[in-house]
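Each of the next two complexes has chain A plus one other chain: chain B in the first, chain C in the second.
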Partner chain A sequence: MTQAEQTLPESDERIKERSSFHKALIRPELGGVCGTILVFLFFFLTARDSGMFSPAGVLNWSIVSSQFIIIAVGACLLMIAGEFDLSVGSMIGFSGMSIALLSVTFGWPVWLAIITTFILCMGVGALNGWLVIKTGLPSFIVTLAFLFILRGLTIFAAISTTSKTIIGGIRDVAEGDWLAPFFGGKVLTGVFQWMGDEGWIEVYTRGIKKGQPVVEGIPMLMVWALVLVIFGHWLLTKTKFGNWIFAAGGDAQAARYVGVPVNRVKILMFMFTAFCACVFATAQVMEFGSAGADRGLLKEFEAIISVVIGGALLTGGYGSVIGAALGAIIFGVVQQGLFFAGVESSLFRVFLGVILLLAVILNTYIRRMITGEK
Partner chain B sequence: MSEPLFEMKNVETPDEAIIKMKGIEKHFGSVIALSGVSLDVLPGECHCLLGDNGAGKSTFIKTMSGVHKPSAGEIYFEGKPMNFQRPRDAISAGIATVYQDLAMIPLMSVTRNFFMGNEPTKKIAGISFFDHEHANEVTMAEMKKMGINLRSPDQAVGTLSGGERQTVAIARAVHFGAKILILDEPTSALGVRQTANVLATVDRVRKQGIGVVFITHNVRHAMAVGDRFTVLDRGKTLGTAKRGEITPEELQDLMAGGQELATLEGSLGGTV
Partner chain C sequence: MKKYKLLTAAALSIAMAAPLALTSTIAPAAGERYILVSHAPDSDSWWNTIKNGIALAGKQMGVSVEYRNPPTGDLADMARIIDQSAASKPNGIITTLADFDVLSGPIRNAVDQGINVIIMNSGTPEQTREVGALMFVGQPEYDAGLAAGLRAKGDGVKSFVCVNHVISNTVVAERCRGFADGLGIELGNSMLDSGQDPAEIKNRVLAYLSANPKTDAILTLGPTSADPTLLALEENGMAGDIYFGTFDLGDNIVKGIKSGVIQWGIDQQPFLQAYLPVVVLTNYDRYGVLPGNNINSGPGFVTKDGLTLVEKYAGEYR
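Take a look at the complex of A and B:
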């Protein structure tokens, strides 16, 4: 024992020893973990025979969940940094249209259209952040303005150049492009073909695709989701910058006092959110082969709901990327699962509302336990 | 009774001062919070800053730590004119501050707060990681030195008592404080033992040659560790006195405007 330890009274006797199980359980993600288990259990019991858990079924809800994950990661980090972005949905429509107009209508190479769009979107994200910081207005208001501005611009740009709101033909121009497969392609196709040949997974038995597996590979969308979750989790919990994100959202003034570059952190998080929206849009455009001016409607709320189910605090300073990803999975599985279970689709909202409420109640309880909030 | 109780001299500032503040003014719109305050801090001294509520003490030290830019006046750091644009500049110059409002984030763990803005990193395969292990060890050790046993370094600051929070803030500043340590009313929320700990820490820090600026309302605390005493009143310096040149009673009276307190003391039976 060191000197200091001896001279100190053991103040630990006032603290009940907590088991490591209890410690492992009390985490910000607990609400998300419980929700995920519950949702899978529910569908396993009600929709087991519907094909929901066949390779094609799994792929189906995995893709939808991955879409939610991509925008949830951005919204999560931004929310922890203390800000909101309500323009995510409009940003998705905007970036999809930008890619389509630049490549199909203006004849740019697809890779150039994609890169330009990414730069454009992150510029808008930076503008959002800059305005929030310069005006001191709540980001809720500033990004609400951009929700309208971007949507309006998207429709205007589409109508004024092509007099249509949907632009197709992207698949043709993307043929042979080097960048497009990073968003629209599939990986591990060889492995899936081999698994099909071995008879481990379902293959087509008729038609031109005879012998090919029903699930050809893992779509890049899922790879993006995975990469973004790993990146976001690493950034938030394992780096210096992550501490600044928590600090900026927890108490911006206190963070500034100790030298945290709060403005830079917030602007970068707005740009990252825009980046995520752009990834979503690019993958969607590549998958559908078209862009629509009304794409991405309400996506900002779906992202925020995923993040909140995942345990983040709406007012910032607290949350988890893993939690947000679980929230997104819950969202995706419920949406597709009800379809498999043959439940009337309007009940989706009821189900979602109930889960949201339960998760948030549990999350609030856990958070109070961790942070000593009253 | 109209004679001042004590005449404070404006002591000529010695050249070896770490920081020299000259005629600092600060206006917030139409509010004049400071109208020409001068003060300097020598290495290894504890310079006490006293004054009534709203005298401008916090505002003054914030111009020292880069939070506020003075509206007028000069700052010399180690003899060179300095112009702090942001807290970061002051921190890297070697000025550590414990603010009255602490600058602690309740939602974050003690360790994350302790190292906020100064995160230690280690490289694994060329990628920079926050060194949680090292950070946790240092935090536990530093808190122990200050007389506080943490349950765990992951504990959120929100679960600590007010005094414990203050101690974390001080331990943090001491740990990173290079040349000047500013403490804004560090003892106001502390119990007897923690107060003794803080005063002992001030003494220890001072002996290492660090200059300490110690803001307090408590004359006994000031007298216990102070080498020099500067009294602020309504945004102005009343003057600076050296230890031994002034008695606690004189200091007390100066802080609260002499006679009024004397009358008050009479009615309160000498308890103030």
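Take a look at the complex of A and C:
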């Protein structure tokens, strides 16, 4: 502390002064930002001419990243609140199948099928949370149970009603539905058509789509990802509820003493994670027009990996939604980028492991600088 | 603190050095480039023959070939890989059509971008026409199952269990349905969802057979389910007694056929499914010549007779 500052009456001797540069640098997202830059630099050097940075290539890895972002936002908030959800992947398969069965097999209108599925999923999320709170068991175990329960139910429901594990035909029944385009539609199609007409982006050279741009528009999946990130970041950093999330994950007992409704916060976060999984599934079902009983396999780990790459602590109470989103982008870009770079596909997991390790090392280092723990 | 600085420095230097190491692994982009996209998870060993098949064809034709698959076998991920393969502008894409709803869009888009597509392994000739692909190279699954069922009926089989390790692949499940129809019985509960893990498959087969001891025959759908089933039969003493037929070949299956535990293996000759599309595409790109119809790579029954070559190349080219 300098002489000049000491004379200022409003300066508080309990607060350590940091330069604004230091403050800007030392944030939970720093690791994610560095990682994103490194990853893009890496692929720009190795896969520049492979079509990875053509409009269709960019859309490809953006969609994959958006998928990761959607489940990572939910997983991130839940993890900051101090809990895990391992049932995310099974929930994706479950909700996709629920929409398909209700709409195609039972003939419900698609909007009703979607809304019912959302209610069902958030109900399961609430049940997850309630069980964790009531039994005091680790959420790891409770949600692991639901990983199996939901997957088994999904396969059973599909086989027993239709004797198939993949149910198609959703695109036909969703035709003209008012809610379906919010998940499976595309926006800004006019802009892309115009860019195609102007010759700025590639167009189809043959077939029924001749003259249409290869990139038709921005899928709603990406809009959902953006909306969820903004909502999550706002909730976590700008609201009282956000502070409660941090408090519930940091030290639940201490939070209870100061009047934070820890149980409510945790159950709501389980429901939000389920909601995110359901958004993922609905968008996937609407885009591809079919639901499969094995959809979403291992997605729970992909969500957790994204969050961890983004700098959140596995033990709760620390992390950022922006970081998780960057983690998801790193994950998505690496996964798709390795294909573009022509790397043998079996090496993907090796790279993933290395990145995960590097990210955690970097994040631990940054966190120690922020919190001052040694 | 100092320890972490060192670690970070090491991490960063690895990250910076990696691009250099990577560039050397990329195949030279001279000549035509073809990408084969499969639906198989990393754990499915059957696809090794496919990898060897395209590698050999690539070498013989002087073209570069790549193999891509979704690591967990998620078909939605596979759709993204097809999109991405199209974005990388190859001369042709060879892909399976494991789920028409999911994959027809991306395949159609690739075709419309001027990329030649051949459907291999999974799919039907009608679906192949519908997505605008050049041809289908594979084994019609229902017909193969039916043929196997008729053969088993002739051998006096009246009931069976179908060990299905890829329950999500509707096309493969058609084999069980065809087999049941060939026998002239209802499929009912005869299809066993075995999962992918060898120990689980073995134990589920054991459990099924002890619950249903009157089962006449076992049908497995590939080495992934056949190998553990062989072990299960050795363990409960039914080996050689129960009628055992399987789809596809592998080291253990060939040994099983030789020792008489397995009556026959249906070979759909995956090698041809990988090798022929590369040859066809290359000749089409170079000279504009194209065979006029779909190519059936199977079915062919492999029995105890004539096992020498099969044995030699099992798991590699057979």
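Following the convention adopted for this analysis, the second predicted complex is superposed on the first by the 354 of 374 C-alpha atoms of A that agree within 3 Å, B and C clash if a C-alpha of one lies under 4 Å from a C-alpha of the other, contacts with A are read in each partner's own complex, and residues count from 1 in each chain.
Operating definition for what follows: a contact is a pair of C-beta atoms (placed from the backbone, for glycine too) under 8 Å apart; a residue touches a chain by one contact, two chains touch by 3 or more.
Keep in mind it's a predicted model, so treat the numbers as computed, not measured.
Colleague: Is A:370 touching the first partner chain B, the second partner chain C, both, or neither of them?
Modeller: first
Colleague: For A:52, select first, second, both or neither according to whether it touches chain B, chain C, the two together, or no partner.
Modeller: It touches chain C, and chain B stays clear.
Colleague: Does the superposition put A:339 against chain B (first), chain C (second), both, or neither?
Modeller: The second partner, chain C, only.
Colleague: Pick one for A:194: touches chain B only (first), chain C only (second), both, or neither.
Modeller: Neither partner.
Colleague: In the overlay, answer first, second, both or neither for which of chain B and chain C A:166 touches.
Modeller: second
Colleague: After the superposition on A, what does A:317 contact: first (chain B), second (chain C), both or neither?
Modeller: Touch partner of A:317: chain B, not chain C.
Colleague: With both complexes superposed on chain A, which partner does A:42 reach: first (chain B), second (chain C), both or neither?
Modeller: Second partner only, chain C.
Colleague: Any idea which chain A residues touch chain C in the complex?
Modeller: Residue list for chain A touching chain C: 38, 42, 45-46, 50-52, 54, 56-57, 59-61, 63-64, 155, 164-166, 168-171, 202, 204-210, 214, 284, 288-290, 292-298, 336, 339-346, 348-349, 354, 358, 361-362, 364-365, 368, 374.
Colleague: Over in the complex, which chain B residues touch chain A? Could you list them?
Modeller: Residues in contact with chain A: 65, 67, 86-88, 91-92, 97, 99, 101-108, 112, 115-119, 121, 128-130, 144-145, 147-149, 151, 156, 158-160.
Colleague: Spell out the residues on chain C that touch chain A in their complex, using ranges where they run on.
Modeller: Those residues of chain C that touch chain A are 1, 4-5, 7-8, 11, 14-15, 18-19, 22-23, 25-27, 42, 66-69, 71-76, 79-81, 83-89, 99-102, 105, 108-109, 111-114, 132, 167-168, 170, 173, 193.
Colleague: Which residues of chain A touch chain B once you look at their complex with the stated criterion?
Modeller: Residue positions touching the partner: 4-5, 8, 10-12, 15, 237-240, 242-244, 246-247, 250-251, 253-261, 313, 317-318, 370-373.
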